[in-house]
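The next block holds one structure in the form of C-alpha coordinates; read it before the comments.
Here the chain labels run A, B, C and D in written order, and each chain numbers its own residues starting at 1.
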Amino acid sequence: MSIKVRYFASLKESIGRSEDTLSFTPLLTVSDVWKLANPTIALSENILVAVNMDYVNYDFIVSDDDIVAFFPPVTGG
Amino acid sequence: MSIKVRYFASLKESIGRSEDTLSFTPLLTVSDVWKLANPTIALSENILVAVNMDYVNYDFIVSDDDIVAFFPPVTGG
Amino acid sequence: MTLKIITQAFDPYQEIQRYQHAHPENLGHIGATNIFIGTMRDFNENVAVKGMTLEHYPGMTEKQLDNIVVEAHAQWQLIDTLIIHRVGTILPNEPIVLVAIWSSHRGDAFDACRYIMEALKSKAPFWKKEHLSNNDERWVTHNSTGYKTP
Amino acid sequence: MTLKIITQAFDPYQEIQRYQHAHPENLGHIGATNIFIGTMRDFNENVAVKGMTLEHYPGMTEKQLDNIVVEAHAQWQLIDTLIIHRVGTILPNEPIVLVAIWSSHRGDAFDACRYIMEALKSKAPFWKKEHLSNNDERWVTHNSTGYKTP
(Lines give C-alpha, C1' and ligand atoms only; values in the text may rest on other atoms or scores of the structure.)
Protein backbone atom coordinates (compact mmCIF):
# COMPACT_ATOMS: atom_id res chain seq x y z
CA MET A 1 0.00 0.00 0.00
CA SER A 2 2.26 2.77 -1.23
CA ILE A 3 2.69 5.58 -3.72
CA LYS A 4 5.98 6.37 -5.32
CA VAL A 5 6.74 10.05 -5.91
CA ARG A 6 9.37 11.15 -8.41
CA TYR A 7 10.99 14.52 -9.08
CA PHE A 8 12.89 15.62 -12.17
CA ALA A 9 15.29 18.29 -13.39
CA SER A 10 15.40 21.64 -11.51
CA LEU A 11 12.67 20.45 -9.13
CA LYS A 12 14.74 17.42 -8.16
CA GLU A 13 17.69 19.73 -7.47
CA SER A 14 15.72 22.25 -5.42
CA ILE A 15 14.00 19.54 -3.35
CA GLY A 16 17.23 17.62 -3.03
CA ARG A 17 15.64 14.21 -3.63
CA SER A 18 14.65 12.28 -6.72
CA GLU A 19 12.13 9.97 -5.09
CA ASP A 20 9.84 9.48 -2.08
CA THR A 21 7.67 6.59 -1.07
CA LEU A 22 4.46 7.43 0.78
CA SER A 23 1.90 5.16 2.42
CA PHE A 24 -1.28 4.97 0.40
CA THR A 25 -4.56 6.13 1.92
CA PRO A 26 -7.81 6.48 -0.02
CA LEU A 27 -8.90 9.71 -1.76
CA LEU A 28 -5.51 11.35 -1.92
CA THR A 29 -5.28 13.91 -4.73
CA VAL A 30 -2.03 14.76 -6.45
CA SER A 31 -1.98 17.99 -4.38
CA ASP A 32 -2.33 15.93 -1.21
CA VAL A 33 0.55 13.74 -2.30
CA TRP A 34 2.70 16.81 -2.76
CA LYS A 35 1.75 18.20 0.67
CA LEU A 36 2.54 14.89 2.37
CA ALA A 37 5.90 14.66 0.66
CA ASN A 38 6.81 18.35 0.92
CA PRO A 39 4.88 19.87 3.82
CA THR A 40 6.94 23.07 3.89
CA ILE A 41 7.01 23.82 0.17
CA ALA A 42 4.08 25.21 -1.84
CA LEU A 43 3.29 23.39 -5.09
CA SER A 44 4.23 26.02 -7.66
CA GLU A 45 1.65 26.50 -10.40
CA ASN A 46 3.95 25.78 -13.28
CA ILE A 47 4.88 22.32 -11.98
CA LEU A 48 3.53 19.53 -14.18
CA VAL A 49 2.25 16.24 -12.78
CA ALA A 50 2.04 12.81 -14.34
CA VAL A 51 0.49 9.72 -12.80
CA ASN A 52 1.78 6.50 -14.30
CA MET A 53 3.38 8.55 -17.09
CA ASP A 54 0.20 10.34 -18.18
CA TYR A 55 -0.41 14.02 -17.47
CA VAL A 56 -3.08 14.74 -14.84
CA ASN A 57 -4.49 17.76 -13.00
CA TYR A 58 -3.68 18.54 -9.37
CA ASP A 59 -7.09 17.24 -8.25
CA PHE A 60 -6.56 13.81 -9.83
CA ILE A 61 -7.13 11.09 -7.21
CA VAL A 62 -4.32 8.57 -6.99
CA SER A 63 -4.61 4.80 -6.52
CA ASP A 64 -2.47 2.38 -4.61
CA ASP A 65 0.84 1.64 -6.37
CA ASP A 66 0.63 4.73 -8.56
CA ILE A 67 3.79 6.56 -9.55
CA VAL A 68 3.31 10.30 -9.23
CA ALA A 69 5.89 12.47 -10.99
CA PHE A 70 6.38 16.21 -10.46
CA PHE A 71 8.52 18.21 -12.86
CA PRO A 72 9.08 21.68 -14.34
CA PRO A 73 7.93 22.67 -17.84
CA VAL A 74 9.53 20.38 -20.41
CA THR A 75 12.28 21.75 -22.63
CA GLY A 76 13.17 19.04 -25.12
CA GLY A 77 13.45 19.18 -28.89
CA MET B 1 11.27 46.65 -83.73
CA SER B 2 9.96 43.24 -82.76
CA ILE B 3 8.38 41.16 -80.04
CA LYS B 4 9.31 37.57 -79.40
CA VAL B 5 6.50 35.24 -78.37
CA ARG B 6 7.23 31.93 -76.64
CA TYR B 7 5.03 28.95 -75.82
CA PHE B 8 5.65 26.17 -73.34
CA ALA B 9 4.50 22.69 -72.41
CA SER B 10 1.01 21.57 -73.49
CA LEU B 11 0.37 24.97 -75.10
CA LYS B 12 3.47 24.61 -77.25
CA GLU B 13 2.24 21.18 -78.35
CA SER B 14 -1.32 22.30 -79.11
CA ILE B 15 -0.16 25.37 -81.05
CA GLY B 16 2.55 23.38 -82.75
CA ARG B 17 5.20 26.09 -82.38
CA SER B 18 7.53 27.14 -79.62
CA GLU B 19 8.18 30.67 -80.82
CA ASP B 20 6.89 33.53 -82.97
CA THR B 21 8.39 36.88 -83.83
CA LEU B 22 5.95 39.76 -84.38
CA SER B 23 6.57 43.30 -85.53
CA PHE B 24 6.25 45.78 -82.71
CA THR B 25 3.62 48.49 -82.86
CA PRO B 26 2.79 50.83 -79.96
CA LEU B 27 0.10 50.09 -77.36
CA LEU B 28 -0.14 46.36 -77.92
CA THR B 29 -1.45 44.51 -74.91
CA VAL B 30 -0.54 40.93 -74.14
CA SER B 31 -4.01 39.94 -75.41
CA ASP B 32 -3.31 41.75 -78.67
CA VAL B 33 -0.02 39.91 -79.01
CA TRP B 34 -1.85 36.61 -78.62
CA LYS B 35 -4.47 37.59 -81.22
CA LEU B 36 -1.81 38.63 -83.72
CA ALA B 37 0.10 35.40 -83.22
CA ASN B 38 -2.92 33.09 -82.99
CA PRO B 39 -5.85 34.76 -84.78
CA THR B 40 -8.00 31.62 -84.85
CA ILE B 41 -7.48 30.48 -81.25
CA ALA B 42 -9.09 32.07 -78.20
CA LEU B 43 -6.75 32.87 -75.31
CA SER B 44 -7.96 30.41 -72.68
CA GLU B 45 -8.43 31.92 -69.24
CA ASN B 46 -6.09 29.59 -67.44
CA ILE B 47 -3.11 30.48 -69.63
CA LEU B 48 -0.42 32.40 -67.75
CA VAL B 49 1.61 35.19 -69.31
CA ALA B 50 5.06 36.50 -68.51
CA VAL B 51 6.78 39.48 -70.08
CA ASN B 52 10.54 39.38 -69.74
CA MET B 53 10.15 36.53 -67.24
CA ASP B 54 7.80 38.36 -64.86
CA TYR B 55 4.11 37.51 -64.59
CA VAL B 56 1.74 40.11 -66.04
CA ASN B 57 -2.00 40.48 -66.69
CA TYR B 58 -3.54 40.19 -70.15
CA ASP B 59 -3.93 43.99 -70.38
CA PHE B 60 -0.22 44.62 -69.79
CA ILE B 61 1.18 46.80 -72.60
CA VAL B 62 4.32 45.42 -74.19
CA SER B 63 7.40 47.35 -75.28
CA ASP B 64 9.72 46.88 -78.24
CA ASP B 65 12.05 43.88 -77.80
CA ASP B 66 9.92 42.32 -75.06
CA ILE B 67 9.71 38.56 -74.76
CA VAL B 68 6.12 37.48 -74.15
CA ALA B 69 5.66 33.93 -72.89
CA PHE B 70 2.36 32.03 -72.77
CA PHE B 71 2.06 28.81 -70.80
CA PRO B 72 -0.34 26.56 -68.92
CA PRO B 73 -0.54 26.45 -65.09
CA VAL B 74 2.83 25.46 -63.68
CA THR B 75 3.27 21.99 -62.20
CA GLY B 76 6.75 21.81 -60.69
CA GLY B 77 7.89 20.75 -57.27
CA MET C 1 21.59 30.98 -50.58
CA THR C 2 22.00 28.54 -53.42
CA LEU C 3 19.65 27.60 -56.23
CA LYS C 4 20.36 24.80 -58.68
CA ILE C 5 18.36 23.55 -61.65
CA ILE C 6 19.83 20.20 -62.62
CA THR C 7 19.26 17.55 -65.26
CA GLN C 8 20.81 14.60 -63.41
CA ALA C 9 19.45 12.55 -60.52
CA PHE C 10 20.69 13.85 -57.14
CA ASP C 11 20.93 12.58 -53.59
CA PRO C 12 19.31 15.23 -51.39
CA TYR C 13 21.14 14.09 -48.25
CA GLN C 14 24.53 14.25 -49.92
CA GLU C 15 23.69 17.68 -51.28
CA ILE C 16 22.65 18.96 -47.86
CA GLN C 17 25.77 17.59 -46.18
CA ARG C 18 28.02 18.97 -48.91
CA TYR C 19 26.34 22.35 -48.54
CA GLN C 20 26.71 22.36 -44.76
CA HIS C 21 30.39 21.45 -45.02
CA ALA C 22 30.90 24.28 -47.49
CA HIS C 23 29.35 26.75 -45.02
CA PRO C 24 31.23 26.38 -41.72
CA GLU C 25 30.31 29.99 -40.92
CA ASN C 26 26.80 28.74 -40.07
CA LEU C 27 28.04 26.33 -37.40
CA GLY C 28 26.88 27.12 -33.90
CA HIS C 29 24.12 29.45 -35.14
CA ILE C 30 21.77 26.85 -36.56
CA GLY C 31 19.12 25.65 -34.15
CA ALA C 32 16.55 24.48 -36.69
CA THR C 33 16.70 22.84 -40.10
CA ASN C 34 13.60 22.11 -42.10
CA ILE C 35 13.89 20.09 -45.27
CA PHE C 36 11.31 19.25 -47.88
CA ILE C 37 11.95 16.64 -50.53
CA GLY C 38 9.46 16.03 -53.33
CA THR C 39 9.86 12.60 -54.88
CA MET C 40 8.35 11.06 -57.99
CA ARG C 41 5.68 8.48 -57.18
CA ASP C 42 4.96 5.53 -59.44
CA PHE C 43 1.22 6.20 -59.28
CA ASN C 44 -0.78 9.38 -59.85
CA GLU C 45 -4.53 9.82 -60.06
CA ASN C 46 -4.99 6.05 -60.06
CA VAL C 47 -2.71 5.41 -63.01
CA ALA C 48 0.70 3.72 -62.95
CA VAL C 49 3.43 6.10 -64.08
CA LYS C 50 6.81 4.91 -65.32
CA GLY C 51 8.53 8.26 -65.65
CA MET C 52 8.08 11.94 -66.35
CA THR C 53 9.65 14.76 -68.27
CA LEU C 54 10.00 18.11 -66.57
CA GLU C 55 10.07 21.07 -68.92
CA HIS C 56 10.91 24.54 -67.69
CA TYR C 57 11.51 28.10 -68.90
CA PRO C 58 15.24 28.65 -68.42
CA GLY C 59 15.95 32.06 -67.00
CA MET C 60 12.41 32.66 -65.77
CA THR C 61 12.69 29.68 -63.45
CA GLU C 62 15.77 31.13 -61.77
CA LYS C 63 14.29 34.63 -61.68
CA GLN C 64 11.06 33.46 -60.02
CA LEU C 65 12.83 31.21 -57.52
CA ASP C 66 15.26 34.01 -56.65
CA ASN C 67 12.31 36.30 -55.95
CA ILE C 68 10.70 33.67 -53.75
CA VAL C 69 13.87 33.16 -51.72
CA VAL C 70 14.33 36.91 -51.29
CA GLU C 71 10.70 37.19 -50.10
CA ALA C 72 11.27 34.37 -47.61
CA HIS C 73 14.42 36.01 -46.24
CA ALA C 74 12.47 39.26 -45.84
CA GLN C 75 9.68 37.56 -43.88
CA TRP C 76 11.64 35.21 -41.63
CA GLN C 77 14.97 35.12 -39.84
CA LEU C 78 16.88 32.65 -41.98
CA ILE C 79 20.52 31.69 -41.90
CA ASP C 80 20.70 29.89 -45.23
CA THR C 81 18.60 28.28 -47.96
CA LEU C 82 19.30 25.61 -50.55
CA ILE C 83 16.93 24.80 -53.41
CA ILE C 84 17.57 22.11 -56.00
CA HIS C 85 15.06 21.25 -58.72
CA ARG C 86 15.33 18.57 -61.39
CA VAL C 87 14.38 19.07 -65.02
CA GLY C 88 14.45 16.58 -67.89
CA THR C 89 13.64 12.90 -67.54
CA ILE C 90 12.80 11.64 -64.06
CA LEU C 91 12.12 8.10 -62.86
CA PRO C 92 9.94 6.93 -59.97
CA ASN C 93 11.55 7.32 -56.51
CA GLU C 94 13.88 10.01 -57.76
CA PRO C 95 13.85 13.35 -55.94
CA ILE C 96 12.33 16.18 -57.96
CA VAL C 97 12.82 19.06 -55.56
CA LEU C 98 14.78 19.81 -52.40
CA VAL C 99 14.22 22.84 -50.21
CA ALA C 100 16.44 23.11 -47.13
CA ILE C 101 16.15 25.97 -44.65
CA TRP C 102 18.56 26.71 -41.84
CA SER C 103 17.59 29.11 -39.06
CA SER C 104 18.05 29.75 -35.34
CA HIS C 105 14.47 28.90 -34.39
CA ARG C 106 12.03 26.31 -35.65
CA GLY C 107 9.13 28.65 -36.45
CA ASP C 108 11.18 30.42 -39.10
CA ALA C 109 12.48 27.19 -40.62
CA PHE C 110 9.03 25.57 -40.87
CA ASP C 111 7.25 28.68 -42.13
CA ALA C 112 9.88 29.58 -44.71
CA CYS C 113 10.22 26.05 -46.07
CA ARG C 114 6.51 25.75 -46.56
CA TYR C 115 6.21 29.23 -48.03
CA ILE C 116 8.96 28.50 -50.55
CA MET C 117 7.39 25.18 -51.57
CA GLU C 118 3.93 26.69 -52.07
CA ALA C 119 5.35 29.65 -53.99
CA LEU C 120 7.52 27.35 -56.10
CA LYS C 121 4.50 25.19 -56.89
CA SER C 122 2.41 28.18 -58.00
CA LYS C 123 5.00 30.45 -59.64
CA ALA C 124 8.10 28.62 -60.86
CA PRO C 125 7.64 27.76 -64.57
CA PHE C 126 8.00 23.99 -64.56
CA TRP C 127 5.66 21.59 -66.32
CA LYS C 128 5.39 17.84 -65.81
CA LYS C 129 4.49 15.37 -68.50
CA GLU C 130 3.83 11.89 -67.17
CA HIS C 131 4.78 8.77 -69.11
CA LEU C 132 2.21 6.16 -68.15
CA SER C 133 2.83 2.45 -67.91
CA ASN C 134 0.44 1.85 -70.81
CA ASN C 135 2.75 4.08 -72.90
CA ASP C 136 0.31 7.00 -73.00
CA GLU C 137 1.59 10.42 -72.07
CA ARG C 138 -0.27 13.17 -70.25
CA TRP C 139 0.50 16.64 -69.01
CA VAL C 140 -0.14 17.27 -65.35
CA THR C 141 -2.72 20.06 -65.55
CA HIS C 142 -2.29 21.86 -62.23
CA ASN C 143 -0.76 21.72 -58.77
CA SER C 144 -3.12 21.55 -55.82
CA THR C 145 -2.54 23.68 -52.74
CA GLY C 146 -0.39 22.14 -50.06
CA TYR C 147 -2.22 23.91 -47.24
CA LYS C 148 -5.12 21.52 -47.38
CA THR C 149 -4.60 17.82 -47.47
CA PRO C 150 -5.78 16.72 -50.93
CA MET D 1 7.06 4.15 -37.27
CA THR D 2 10.24 4.23 -35.26
CA LEU D 3 11.14 6.14 -32.12
CA LYS D 4 14.62 6.17 -30.63
CA ILE D 5 15.96 7.85 -27.50
CA ILE D 6 19.73 7.75 -27.75
CA THR D 7 22.70 8.82 -25.67
CA GLN D 8 25.29 9.08 -28.46
CA ALA D 9 25.71 11.73 -31.15
CA PHE D 10 23.94 10.79 -34.40
CA ASP D 11 24.05 11.83 -38.04
CA PRO D 12 20.44 12.60 -39.04
CA TYR D 13 21.11 12.11 -42.76
CA GLN D 14 22.67 8.70 -42.22
CA GLU D 15 19.76 7.73 -39.99
CA ILE D 16 17.21 8.81 -42.59
CA GLN D 17 18.98 6.97 -45.39
CA ARG D 18 19.39 3.85 -43.28
CA TYR D 19 15.70 3.99 -42.41
CA GLN D 20 14.66 4.43 -46.03
CA HIS D 21 16.81 1.52 -47.13
CA ALA D 22 15.26 -0.63 -44.41
CA HIS D 23 11.75 0.19 -45.71
CA PRO D 24 11.71 -0.63 -49.43
CA GLU D 25 7.94 -1.17 -49.14
CA ASN D 26 7.57 2.63 -49.10
CA LEU D 27 9.30 3.11 -52.46
CA GLY D 28 7.10 4.51 -55.18
CA HIS D 29 4.48 5.72 -52.69
CA ILE D 30 6.39 8.59 -51.17
CA GLY D 31 5.79 11.94 -52.83
CA ALA D 32 6.72 14.17 -49.92
CA THR D 33 9.28 14.02 -47.15
CA ASN D 34 9.48 16.67 -44.46
CA ILE D 35 12.36 16.60 -42.03
CA PHE D 36 13.01 18.69 -38.97
CA ILE D 37 16.38 18.70 -37.24
CA GLY D 38 16.92 20.58 -34.00
CA THR D 39 20.58 21.34 -33.38
CA MET D 40 22.39 22.69 -30.36
CA ARG D 41 23.50 26.30 -30.79
CA ASP D 42 26.57 27.72 -29.08
CA PHE D 43 24.63 30.76 -27.92
CA ASN D 44 21.30 31.10 -26.12
CA GLU D 45 19.67 34.21 -24.68
CA ASN D 46 22.86 36.19 -25.30
CA VAL D 47 25.12 33.81 -23.41
CA ALA D 48 27.79 31.53 -24.87
CA VAL D 49 26.99 27.88 -24.19
CA LYS D 50 29.59 25.15 -24.33
CA GLY D 51 27.32 22.15 -23.86
CA MET D 52 24.13 20.86 -22.33
CA THR D 53 22.77 17.89 -20.46
CA LEU D 54 19.41 16.53 -21.46
CA GLU D 55 17.55 14.75 -18.69
CA HIS D 56 14.38 12.79 -19.39
CA TYR D 57 11.82 10.56 -17.71
CA PRO D 58 12.48 7.09 -19.19
CA GLY D 59 9.26 5.33 -20.03
CA MET D 60 7.12 8.46 -19.96
CA THR D 61 9.14 9.94 -22.82
CA GLU D 62 8.40 6.95 -25.02
CA LYS D 63 4.75 6.83 -23.93
CA GLN D 64 4.15 10.51 -24.71
CA LEU D 65 5.97 10.38 -28.04
CA ASP D 66 4.08 7.25 -29.03
CA ASN D 67 0.80 9.04 -28.29
CA ILE D 68 1.89 12.01 -30.38
CA VAL D 69 2.80 9.83 -33.34
CA VAL D 70 -0.51 7.95 -33.11
CA GLU D 71 -2.37 11.28 -33.03
CA ALA D 72 -0.45 12.46 -36.10
CA HIS D 73 -1.25 9.26 -38.00
CA ALA D 74 -4.92 9.71 -37.09
CA GLN D 75 -5.00 13.28 -38.40
CA TRP D 76 -2.95 13.01 -41.59
CA GLN D 77 -2.26 10.47 -44.30
CA LEU D 78 1.26 9.38 -43.43
CA ILE D 79 3.34 6.57 -44.84
CA ASP D 80 6.04 6.50 -42.17
CA THR D 81 7.58 8.46 -39.32
CA LEU D 82 10.99 8.42 -37.68
CA ILE D 83 11.78 10.26 -34.45
CA ILE D 84 15.19 10.31 -32.80
CA HIS D 85 15.94 12.33 -29.66
CA ARG D 86 19.22 12.68 -27.82
CA VAL D 87 19.59 12.56 -24.05
CA GLY D 88 22.71 12.97 -21.94
CA THR D 89 25.59 15.29 -22.75
CA ILE D 90 25.31 17.28 -25.98
CA LEU D 91 27.84 19.60 -27.61
CA PRO D 92 27.21 22.61 -29.86
CA ASN D 93 26.36 21.73 -33.50
CA GLU D 94 25.16 18.28 -32.51
CA PRO D 95 21.63 17.30 -33.50
CA ILE D 96 19.22 17.03 -30.56
CA VAL D 97 16.10 15.87 -32.35
CA LEU D 98 15.15 14.48 -35.75
CA VAL D 99 11.57 14.15 -36.99
CA ALA D 100 11.15 12.70 -40.48
CA ILE D 101 7.74 12.27 -42.10
CA TRP D 102 7.05 10.40 -45.30
CA SER D 103 3.72 10.82 -47.09
CA SER D 104 2.16 10.92 -50.55
CA HIS D 105 1.39 14.64 -50.49
CA ARG D 106 3.22 17.62 -49.08
CA GLY D 107 0.39 19.04 -46.96
CA ASP D 108 0.36 15.94 -44.78
CA ALA D 109 4.15 15.84 -44.44
CA PHE D 110 4.46 19.51 -43.46
CA ASP D 111 1.48 19.52 -41.10
CA ALA D 112 2.39 16.29 -39.34
CA CYS D 113 6.06 17.19 -38.90
CA ARG D 114 5.19 20.50 -37.35
CA TYR D 115 2.47 19.01 -35.18
CA ILE D 116 4.86 16.37 -33.86
CA MET D 117 7.57 18.93 -33.12
CA GLU D 118 5.18 21.25 -31.25
CA ALA D 119 3.66 18.36 -29.32
CA LEU D 120 7.10 16.98 -28.49
CA LYS D 121 8.23 20.40 -27.27
CA SER D 122 5.20 20.78 -24.98
CA LYS D 123 4.61 17.19 -23.80
CA ALA D 124 7.67 14.97 -24.00
CA PRO D 125 9.43 14.98 -20.59
CA PHE D 126 12.89 16.24 -21.50
CA TRP D 127 14.76 18.96 -19.62
CA LYS D 128 17.82 20.87 -20.78
CA LYS D 129 20.52 22.15 -18.51
CA GLU D 130 22.97 24.46 -20.25
CA HIS D 131 26.66 24.54 -19.40
CA LEU D 132 27.76 28.10 -20.02
CA SER D 133 31.18 29.16 -21.20
CA ASN D 134 31.79 30.95 -17.88
CA ASN D 135 31.28 27.53 -16.20
CA ASP D 136 27.88 28.45 -14.74
CA GLU D 137 25.01 26.07 -15.30
CA ARG D 138 21.36 26.93 -15.85
CA TRP D 139 18.18 25.04 -16.54
CA VAL D 140 16.25 26.10 -19.61
CA THR D 141 12.96 27.17 -18.04
CA HIS D 142 10.48 26.69 -20.88
CA ASN D 143 10.07 26.13 -24.60
CA SER D 144 8.47 28.90 -26.63
CA THR D 145 5.83 28.12 -29.24
CA GLY D 146 7.10 27.42 -32.72
CA TYR D 147 4.05 28.91 -34.38
CA LYS D 148 5.18 32.45 -33.80
CA THR D 149 8.67 33.51 -34.61
CA PRO D 150 10.35 34.28 -31.27
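The rule is simple: a contact is a pair of C-beta atoms (placed from the backbone, for glycine too) under 8 Å apart; a residue touches a chain by one contact, two chains touch by 3 or more.
Keep in mind it's a predicted model, so treat the numbers as computed, not measured.
If you take chain A and chain D together, no chain is in touch with both.
Centre-to-centre separation between chain A and chain B, using Cα means, comes to 71 Å. A separation of 22 Å divides the Cα centre of chain C from that of chain D. The distance from the centre of chain B to the centre of chain C, each centre being the mean of the chain's C-alpha atoms, comes to 27 Å.
Put simply, the C-alpha centre of chain B and that of chain D have 48 angstrom between them. Among the residues of chain B, those touching two or more other chains are numbered 77. Under the contact definition stated at the top, the residues of chain C that touch 2 or more other chains are 38, 106, 117. All chain pairs in contact, by the document's touch criterion: A-D, B-C, C-D. On the chain D side of its complex with chain C, the touching residues are 13, 16-17, 27-43, 76-77, 92-93, 104-111, 113-114, 117, 144-150. Residues of chain D that touch chain A in their complex: 38, 54-57, 59-60, 63-64, 85, 96-97, 117, 120-129, 139-143. Chain B makes touch with chain C in their complex at residues 6, 8-10, 50, 53-55, 69, 71-77.
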